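In the two assemblies presented below, subunit A is common to both, partnered first by subunit B and then by subunit C.
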Partner chain A sequence: MIKKYIRLFKRFIVISFNQVYVFRFEFAMLLVHLLFNFSFIFIFWYTLLSIIPIFNGWQFSELALYTSIIFLGEGLGGIFFGFRDLPSKIIEGQLDKYLCRPINTLIAVLFEQVSIIYFLEQIIMSILLIILILLKYKISVSFLSILISLTVLVIGVLITNFIYGILTFLCFWVGRLEVVRELIMQLTGFKQYPLTIFPQKIQLLLTYVIPVAFVSYYPTVFLLEKQEMTLVFVFKLLIYLVIVFSVFVSVWRYGIKRYESNGG
Partner chain B sequence: MIIKYLRIAKVEFEKTKEYFLNFIGQIIYLPMQFLLIYFLWKFVYSYNSQIGNYSFNDMIEYYLILTIVQSAIMPVGIITYEEWNDINQGNLNLYLSKPLFYPFYLCYRKIVLFLWNIIFGILFLIFANITILPWLKITLYIYNISLFILSSFLGFMIMFNLFFIVGTLTFWVENVLTLRDNVWNMIKIFSGEILPIAIFPSFIKKISVILPFQYIYYTPISVLQGKLTNEQLLDSIGFQIFWVIFMSIISLIMWKKGSVNYTSQGG
Partner chain C sequence: MIKVSCVSKTYKVPKKTYKRSLKNIIIKPYTEVYAVNNISFNIEEGEIVGFVGLNGAGKTTTIKMLSGILTPTNGEITVLGYIPYKERREYTKKISVLMGQRSILFYDIPVIESLKFYKDVYELDNNEFKDRLDYLSGKLNLSSLLHIPVRKLSLGQRMKCEIVASILHNPKVIFLDEPTLGLDIISKQEILEFFRYLNQNFKTTIFLTTHDISDIDRFCKRIIIIDKGKIIYDGDINTIKERDKFKIVEITHTNSFDANNLITCNEYNLISKEEYKSKIRVKKDKLNEFIDFVLHENDILDININTISLEDILNGIYERSEHD
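Here is the complex of A and B:
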């Protein structure tokens, strides 16, 4: 079973690579695109730190690291990119072609949509950038802090994308709801800035309701050892993951039963 | 000649229901965006009461006007995709066989959308100024609103030409969509979308001066905020006109050369 999915995943990587590589110009532009994505956030921080000397206890090097970790999380979350267009597929009855395939419908939908090469490039570049920042600014991190940071990041990516998935699956019942979904997910914009600049209530919202702090703030503070990892935190994180995953699976199962293949 | 374009405008106005929903959609997102901007800048201004020639209120006002200009100008970004699609799918045949000039047709349709969104944007600004954000004290006179619409329109034309040029490259390189995304990113940095150009470090300001991007958002916003002296205002609008003419010439030359090479695939 797992072998089958690994083989399938490899095929999707090959297809994704060919889709991009067939247009050489496009392939080169992808790399430039990634460089741009990184550069304008760095320019933002550079400018802001030229106005105020220190940003709530964060120096430029730490904020650069913070941004790179966000990009790494986005790269890892790329696998869930297919959620974006899923409402259209459900409403227009396009799920039929996935339902009649001998593989998990959700995996088929997600794998087909994702530009694996783009996200792989993003992951590799984020890791390189993190290493570069650590070396250039002589920031020392322990193996344990790397491990903790990476674990929190991966769990955070799963939690936020499961929430995004749950909101997406609601379209099985209510039809088009992209505006509401995007409205809620607008909160993810808050992850670009360290959690502590916001009022306490917003901090709680960003940690427990739309937990974007798990894909930005916490992985960075654990990596830089600005905050200690506690057992309570681990417990909360795991409980949160289990609850969100259970809801995610249940909503998908109930939702797919309601699918009526309009015009499919 | 005029009648057919009036008919196109009528068709576009028929679609205003959809535009209206889009506009409402953007308005719904506004409180969330503003919450983020408000907290960020409140924090930054707790260190400095003035950044460049921007007070805290000026900064919030800047992003509010930016949202309105974006809602009017941003839809033009789809031009590249439409052009890329028409060329690669062979749909261009349809337009070439009609008594229409394709580049003008594309531009004209988006002008209708621009006018719709900018008018609604200004009405929203007036409403916000009176009701929900009176503390911002945005100065709105017919004089600066008129100049703002003119400057926004010139910004719109610069943006149109940029994306039209990228779309026309499809004649030679087939896939231009990531190049388009890169143009988006350049606009993001140098147009004043992330931060007002005036507060950027000097090296970015120097680069912005020689590029057309700041005339897309930053200039119209500065016009409405009254940040420009009369001399600067004339210079800025003059530069906007220069870029529109210059880029229109490039667009037309490229279109002429590219459309000669066009071979219809699947059309």
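Here is the complex of A and C:
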């Protein structure tokens, strides 16, 4: 069973490669787009710090790292890209073709559309940037803190994307809801700014309600060893993941049942 | 092989009310609409069955229930001993569903990549895949198309590729939902011919829905007619056509001629009457007599003798069920 999905995953990568090959210009432009995104944010931090030299204890190097980690998280989250168009697929009944084939519908829908190459591009670039920043500013990090940071980031990415998925699956009941979903997801824009610059209450909000701190703040501070990781934190994180994941799975199950009984 | 007994499928449709009470806002009132209403039929191995109905008659709903996409509201379905919507993973390996309006190929990339994808979906090994692909692409003559992106194919070519992708795993039962939609006559012929070939050589059971009656006419021995969710006919296609009993005689005549004059006994029936043209249904054994009679009329300019088309008969049936 697992073997089959590994093979299918490879197949999706090949398909993605083929798609990139067809649109080579587009692929090159995506690289430019990425570079633009990075530079804009770097320029923003640079300007901000030149006006306000003491920005809550954050230096340019740290903020640049912060941004790169966010980009890395977004790259990793790319495998959930298929959620974006799921509402219209449900309305048009495009799930049918997977429901009548021996394949897990959710996996098929998710991977069908992912341009894996694009996200690989982003992941590789973010990692390169992180290494570059670490070298340039001579920040030394231990292997353990890299491991911790990466683990927290991956779990954070899973949590935010499962929430995105749950919001998406609501369209099984209400039809179109992209606007509402985007509205809610706009709130994740807060992840761009270091958590500690916000008042305490908003910090809590950004950690537990809109859990963006897991894909930006915590991975950064753990990498820089600005904050110790505690057992309580690990515990909270895992519980959060389990809860979100079980809601995610059950909402999908109910949703697909509804699809089966209503025909989309 | 395929057993459908007392199957119904209802959809909930929101009711339009003008009353805006709190209750109506919280629990939206709805009515249940039958897409399929208490249908039953059995299909044996190796049969080709045409499932005919107008748009919205319940054809697609039925095919979706048979293929496990939809769960029936009431009744039981078993295909090949499986309950489609319950044992989906095993069941779907044995069947194939082809929907004319829906593409299953990846749009931007060469056909062969999509086929390899379905190879992995159905867990075929490389040799099996190669043999099957060689065989099918030889039969449908599309080896030259395999390396072209789907978006550059014509509809007929694409349809053939969709067929190959759908039947790589050598299914025992094939469900076709309007497979010839939008195709030209030649592609249509080729595709139907191919399915007939599969049926004859592999005893593949084929269940075909269509509203294009000419498809069914040559392709199926048995048809099931569904109208407003109910089966109104199930049986041999020739019986319904009474093909051997009657002929349609189409006559072109002058303006002044009244076709009613030709109806001299109740073996002749006037079907339609226009200014210069009339259609008359004549019992076959009376045909000679009738033609002889017609030939002596000076006002008649031309005669055509046709077999009754399925279309005419279905129209009759639909009209009858309308009156009921």
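Following the convention adopted for this analysis, the second predicted complex is superposed on the first by the 257 of 264 C-alpha atoms of A that agree within 3 Å, B and C clash if a C-alpha of one lies under 4 Å from a C-alpha of the other, contacts with A are read in each partner's own complex, and residues count from 1 in each chain.
Just so we're on the same page, contacts are C-beta pairs under 8 Å (C-beta built on N, C-alpha and C of every residue); 3 or more make two chains touch, one makes a residue touch a chain.
What you are looking at is a predicted structure, and each value in this text was computed from that prediction instead of being measured.
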**OP:** Tell me which partner A:Pro102 touches in the superposition: subunit B (first), subunit C (second), both or neither.
**Re:** second
Subject >> First, second, both or neither for A:Ile197, with subunit B first and subunit C second >> reply: first
**OP:** Could you look at A:Ile51 and tell me whether it touches subunit B, subunit C, both or neither (first, second, both, neither)?
**Re:** first
**OP:** Considering only touches as defined above, state whether A:Leu147 meets subunit B (first), subunit C (second), both or neither.
**Re:** neither
Original post:
Touch check for A:Leu132: first (subunit B), second (subunit C), both, or neither?
Top reply: neither
Original post:
With the two structures laid over each other on chain A, which partner does A:Leu187 touch: subunit B (first), subunit C (second), both, or neither?
Top reply: first
Original post:
Which partner does A:Leu8 reach: the first (subunit B), the second (subunit C), both, or neither?
Top reply: second
Original post:
Which partner reaches more residues of subunit A, subunit B or subunit C?
Top reply: B
**OP:** Using the touch definition from the top, say if A:Ile243 reaches subunit B (first), subunit C (second), both or neither.
**Re:** neither
Original post:
Taking the two structures together, which residues of subunit A meet both subunit B and subunit C?
Top reply: 23
**OP:** Under the touch definition given earlier, write down the residues of subunit A that touch subunit B in their complex.
**Re:** 23, 25-26, 29-30, 32-33, 36-37, 39-40, 43-44, 46-48, 50-53, 56, 179, 182-183, 186-187, 189-190, 193, 197-199, 202
Original post:
If you look only at subunit C, which of its residues touch subunit A in the complex?
Top reply: 11-12, 61, 64, 67-71, 73, 85, 88-90, 92-93, 95, 97, 99, 102, 104, 106, 108-110, 113, 116-118, 120-123, 149
Original post:
Taking the complex as given, what residues does subunit B use to touch subunit A?
Top reply: 25, 28-29, 32-33, 36, 39-40, 43-44, 47-48, 51, 173-179, 181-182, 185-186, 188-189, 194-195, 199-201, 204
**OP:** Would you mind writing out the residues of subunit A in touch with subunit C in their complex?
**Re:** 4, 7-8, 11-12, 14-15, 18-19, 22-23, 93-94, 96-97, 99-103, 257, 260-263
